[in-house]
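This is the structure I have questions about; it appears just below.
Here the chain labels run A, B, C and D in written order, and each chain numbers its own residues starting at 1.
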Amino acid sequence: MSNFNIDREDLIDLYKRIRRSSIEICRPLQTEDYVVQPADQVSPPKWHLGHTTWFFETFILKQFVKGYREFDPNYNYVFNSYYESVGTRVLRTDRGNLSRPTAGDVMRYRVNVDSDMFEFLNGEMEEHVKELIILGLNHEEQHQELLMSDIKYILGHNPLFPPYLKDYRSPRIATDRNEKYLHYQNGNNEAYKYRSTGEFKTENEFLNKNIKKQEGIYEIGATGVGFHWDNEMGRHKVYLEEYSIAPRLVTNGEYLQFMADGGYKDFRYWHAQGWEWVNKENISSPLYWHMMDNGWNTYTFRGIEKLDLNEAVAHVSYFEAYAYAQYAGKRLPTEFEWEAASEQFHWGLRWEWTESAYLPYPRFKKAAGAIGEYNGKFMVGQQVLRGGSEVTPPGHSRKTYRNFFQPEQRWQFTGIRLVEN
Amino acid sequence: MSNFNIDREDLIDLYKRIRRSSIEICRPLQTEDYVVQPADQVSPPKWHLGHTTWFFETFILKQFVKGYREFDPNYNYVFNSYYESVGTRVLRTDRGNLSRPTAGDVMRYRVNVDSDMFEFLNGEMEEHVKELIILGLNHEEQHQELLMSDIKYILGHNPLFPPYLKDYRSPRIATDRNEKYLHYQNGNNEAYKYRSTGEFKTENEFLNKNIKKQEGIYEIGATGVGFHWDNEMGRHKVYLEEYSIAPRLVTNGEYLQFMADGGYKDFRYWHAQGWEWVNKENISSPLYWHMMDNGWNTYTFRGIEKLDLNEAVAHVSYFEAYAYAQYAGKRLPTEFEWEAASEQFHWGLRWEWTESAYLPYPRFKKAAGAIGEYNGKFMVGQQVLRGGSEVTPPGHSRKTYRNFFQPEQRWQFTGIRLVEN
Amino acid sequence: MSNFNIDREDLIDLYKRIRRSSIEICRPLQTEDYVVQPADQVSPPKWHLGHTTWFFETFILKQFVKGYREFDPNYNYVFNSYYESVGTRVLRTDRGNLSRPTAGDVMRYRVNVDSDMFEFLNGEMEEHVKELIILGLNHEEQHQELLMSDIKYILGHNPLFPPYLKDYRSPRIATDRNEKYLHYQNGNNEAYKYRSTGEFKTENEFLNKNIKKQEGIYEIGATGVGFHWDNEMGRHKVYLEEYSIAPRLVTNGEYLQFMADGGYKDFRYWHAQGWEWVNKENISSPLYWHMMDNGWNTYTFRGIEKLDLNEAVAHVSYFEAYAYAQYAGKRLPTEFEWEAASEQFHWGLRWEWTESAYLPYPRFKKAAGAIGEYNGKFMVGQQVLRGGSEVTPPGHSRKTYRNFFQPEQRWQFTGIRLVEN
Amino acid sequence: MSNFNIDREDLIDLYKRIRRSSIEICRPLQTEDYVVQPADQVSPPKWHLGHTTWFFETFILKQFVKGYREFDPNYNYVFNSYYESVGTRVLRTDRGNLSRPTAGDVMRYRVNVDSDMFEFLNGEMEEHVKELIILGLNHEEQHQELLMSDIKYILGHNPLFPPYLKDYRSPRIATDRNEKYLHYQNGNNEAYKYRSTGEFKTENEFLNKNIKKQEGIYEIGATGVGFHWDNEMGRHKVYLEEYSIAPRLVTNGEYLQFMADGGYKDFRYWHAQGWEWVNKENISSPLYWHMMDNGWNTYTFRGIEKLDLNEAVAHVSYFEAYAYAQYAGKRLPTEFEWEAASEQFHWGLRWEWTESAYLPYPRFKKAAGAIGEYNGKFMVGQQVLRGGSEVTPPGHSRKTYRNFFQPEQRWQFTGIRLVEN
């Protein structure tokens, strides 16, 4: 996916760290939590653990280790996600119907594949194989984020509302709750550093003053240093008109005002398709919000909690983000506007919906073989999100990163940033 | 549900035996197998274990134990099956989306409720309460049969085809495989006794000679001795014309001939609705049959096995049973014909589809309260099955028993008996 | 279908009268009304006119007229209803998508086929051919009733509520509106005769006194004199317990009381499947009822009219009929109870839902060939209705007639008669 | 929608010409053809005629004519398409269920509204009202194109395949069939003029030589002269990389080669969503193509005809256009590339799918009131098409025009132009 240098030891360390991290994420789960699929877009945790392992078995071990024998030939059928090139597979919607392989079987699968991978990593390999492994690790990081959102969905849609971890703290959110909404990640500057400067007041003012960008040509896309996906490549020029972009995300409190002002009942704010979605699915608040005796609550990884009005709103669909912007008399940024201004604001708490549809950049070419199915075939009917979220693995964010989902999806940690001309 | 005497000790023993039996059935399962619901009509095993416990908690402990405190108030929502009288509940199709309560939680629930039940059973109780408990135990036996068919569905639809028990033997099927298809249960006469008589040849002839019944009035329905469901009550006269009924069930071999003769491709054998079902669902054999390199195989509790041509065909829908009868130039018995002749043939291996729709007997009255929702509200659009199956708990069969399912269902151990005038 | 004698002249007269009657029914329509299909179960009027013609062309002319040339070979595809034996056909749900053949084309088709039929009728023919023609005429009478209910559906579901005929009067309902609900047809006794006796008071009392029937054996089914369908044949004995049946139908006023008492909101009155239907389809009154400023109104062939409380309730599903009976503390008659008592009450205003599923009578055999598809293949999942309705062609009713529909259907003129033990 | 001058007489002439044209289009129809809706996206011709009339009644007469009385208050419900601001309406999918108002009623409606409009047009009016009228006329022209595609769908999906006009000739396609595929409209240069030059050979070469465009900034969008839709406004700069675009469309013959090479069977050419569509809907050729005894045929307005290999392929979805481009090793143009090069090639025969999603231009603002619902609310999940088609009303095309449809739609006259870097 790009040119970069990494020596053997570092690669082994990276492999160990990322592979271990997937297991860490699942540690608080009960066995039963590994199995279920309460919505089509959610996958059972044991499926994620198996699928990321299958990736290394299929694209590394089976390709480059002579005489490699599959752990179980049936697993190709079970753990293939969508690679038509690699044979038939369990229907996505049927993943939650499979009690076998068990979580234990999957753990044994991981241990075996990892063991073979370590042996392989200690040998010689060509640069393009190294690149494939790094791609596999980035792929696993994507699934770590999905694991977090799927686990939240599984537990947050259970009538018992069990916590994931009673004392869960997002690694990216400060512990001093009064200051929390201020703390966005900014590239390599860690959030906590920023808080320690004591420039609280100054910053607060800054957070309510839009960032202005001049009309002109901007360069968009990955520069080719470090890892990036094929969909970020094709660095190219875009011409942008003058715009000003908000330095912070829309908060729960602001979104609640939209609800109080009848936002979900007024078709004028919505796309036709969004209006249909609101009415058919009976949508009247973000996902995980529950009106209870004591007012609005929300399900978090710690269980049900009172809604924090200062927090950045999360779990809204593109339809809702768009409607909120219409209500606010503003609009969402295009992905180009977002990227061009991204060094001037803190980001990384929410995947930020953009006004841009997910389309190929100039000179986009799908890779040959199964890896070519990674991104290009989804470039229709989806919307781009930029930034990253509180459950994005550290180091997996960058300003050129293009996430994408269907406009009605909201089980990811999605949020809203506004822009105006 | 009827008049019967049982003393305290016997009731406690019965309660212990039946409650333990549900756990025994699940013993070979992995934790993950308790959770999934691969089809709408299938329930996760842990749901069955919880629901049967909820029954005793809701209809006995909460009604008759002063100051009883629910184990968990959320469980009413989770484990109510269809009792509108007892409040809202998880949608049937969502049972497999719940990882919590875990199988372990459900076991704790059982232990707690059982402990309270033992205390209660040791005290004084009125006759109608005793009847309710016996109803609850019969209810649990029904769920034991469902557990067996649901487990078969869960494992038999897994691409890995895991066995339930590698050396599983149906308690009702003889171990000498050559003689197996002869051995039907006959009321109180255990199958193995019959086999030990050595009257093999005689019997074999008998099995190919229809049983003739004369025209006239027959009495149908439960006599009021021993337990029976409300839908069996209302013993009444029916007038039957002369008929002759087969002493044995249709075998796999015979059914295979129907398939070879194009049975699934010839609309003339099918109801219009059955023909639609065959084409829409792409049905071309009974459930669990798989054409493999070595010919026809079938999934059993022991895993995939070669199809035994002498065995009674199982897992056919009413549509298929009807089509087979049309093909054979015969018909299915009405439930009255079945009951009137039932003492003259062996039954109990398969639930036998009848030509009768599930309708109320004369003087049928629904019981007051939630218990009244047990049978009556399903008396439309379903077909009666008679007999019992190899997974029916011993002692839960009787000739007046009326089972019922939608005509397309076939995940139960259903079979075919023919009749002609 | 049975033995009966009819001479050539009478057969020609019958053919003329019945064929003309279909055209008469459509006379008040606009061309556009011939085309639409606002619900799956409704067929466009021009389809009925074509299909009944296709029946004579396919089963008489093409079979028995040497060298007969089809009017248009495509019409077999367009006008075949469900006869698998006669080739592929337009999907039932697509009938309303076809603008061609036009209503004019269909009229030309009728004229041509009738002309060939007259020639054929004037020649010699075997008895079984004559029987087929009489079956075709009875088939056309069935479609005349469907034409009436489909036309009512087409106009009654149009937001403009156009009348069919501003001064429409049902041939079976008296013109003196105060007496209307008393006037049921009784076999050969015309309703007006009954009214003319002046025994109004006596009769009124009679109408509120149930008819008692003694326990015992009753003979059910057609005797073989005159025309009857294969599903009525197999005259046989049934044993009935003592019952008493209402001499009149449930009225709109009584049904309104059920609604006022929360009938549609109380699950206890409903089958599980009926309760699901009520909630999913948002049912809260019979079809064609509209709450307007001035109270309850109903769409009739004359347009929107104030609901007549004394009229027999119409357009209720089996689910509703059953729920009403549950509410009233009574039940619906079985089809056998209905037939056994039918000479003692007036009937013919409404198709009366019975508690009986549509099942074969003893010795039922499907006829060979396409005609065999007429009734037998529908004998699952449907409910029997007895009697006839105000839009049943005169002479098409008899006490052994078995009509049948799915339990949720209510676009026919269906009603409720109660029974109790 | 923009600044333009038109005097009263010209406006009246324009109104007359365009309103008459809608009637002309329907002249070859039978009454029944006005009524049906064989697919959700198709509207009955009488609905188009009523809806375009309702537009003038609702947005002109009811707004600006004092004391105007609606022709029929129910028509607002019947003929409103999607304007939430203007009240409830018939569901789009139910338009084909309405036999009333009849085609004759709709004609009377048109005559009445036109008569009132003529009176109004002869009076004084403000500029913005004039603009609204011109918008209504452009709206009617859009429906004229829809009328043509809907009529083709209605007749082309009838099993009798009736012609629309036996001697139909597209006004934009030359009569000399051998040259036909060369003749694209080029702005104001009529196609026939081009053919008359006799430069056949030269042109033919030209048609196989791509047009090169240099890297740089291009201006996109309407200049504000003449009528244009709100979605074309916001003329703005885009930065394009070098590209070369085909001067002609992909032909039937070329598309047939894609089919012969297994294009519909090879997932690699398709979007994931397109691949699902192909398999679920069983797509294996463009719409209206039929494999018959004599090879490939296609339904045209003249009836079934042998496929002309030299004609530009029509009736393909975006999914198919994209797959063809992948197969050809090229890609579809973005809408910006298309517009920037559009003066250098002939266009107007097919709506050309672009790679661009339908998104707002910079500074896009929805108009206030119902007119604001025209375009903006559809800006999600749709793909832009550029150009125009052989059934686009003359004068309704321009190079900045942005048409848009869901990626699976193909009942419009859609085609494929290729581009490469």
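Keep this in mind: a residue touches a chain if its C-beta (ideal position, glycine included) is under 8 Å from a C-beta of that chain, and two chains touch if they have at least 3 such contacts.
Because the structure is predicted, anything quoted here is derived from the model rather than measured.
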Given subunit A and subunit C, the chains that contact each of them: B, D
Subunit B and subunit D: spacing of chain centres that average the CA atoms, whole Å: 60
Centroid spacing, where centroids are CA-atom means, of subunit C and subunit D in whole angstrom: 47
Interchain centroid distance [CA atoms averaged], subunit A/subunit D, Å: 38
Multi-partner residues of subunit D (at least 2 other chains): none
Touch relationships between chains, expressed as pairs: A-B, A-D, B-C, C-D
Residues on subunit A engaged by subunit D in the complex (per definition of touch): 82, 84-85, 217, 236-239, 241, 267-268, 270-275, 318-319, 322, 331, 355-357, 359-360, 362-363, 372, 377-381, 383, 407, 421
Touching residues on subunit A, where the partner in the complex is subunit B: 30-38, 46, 74, 77-78, 90, 94, 96-104, 154-155, 157-160, 162
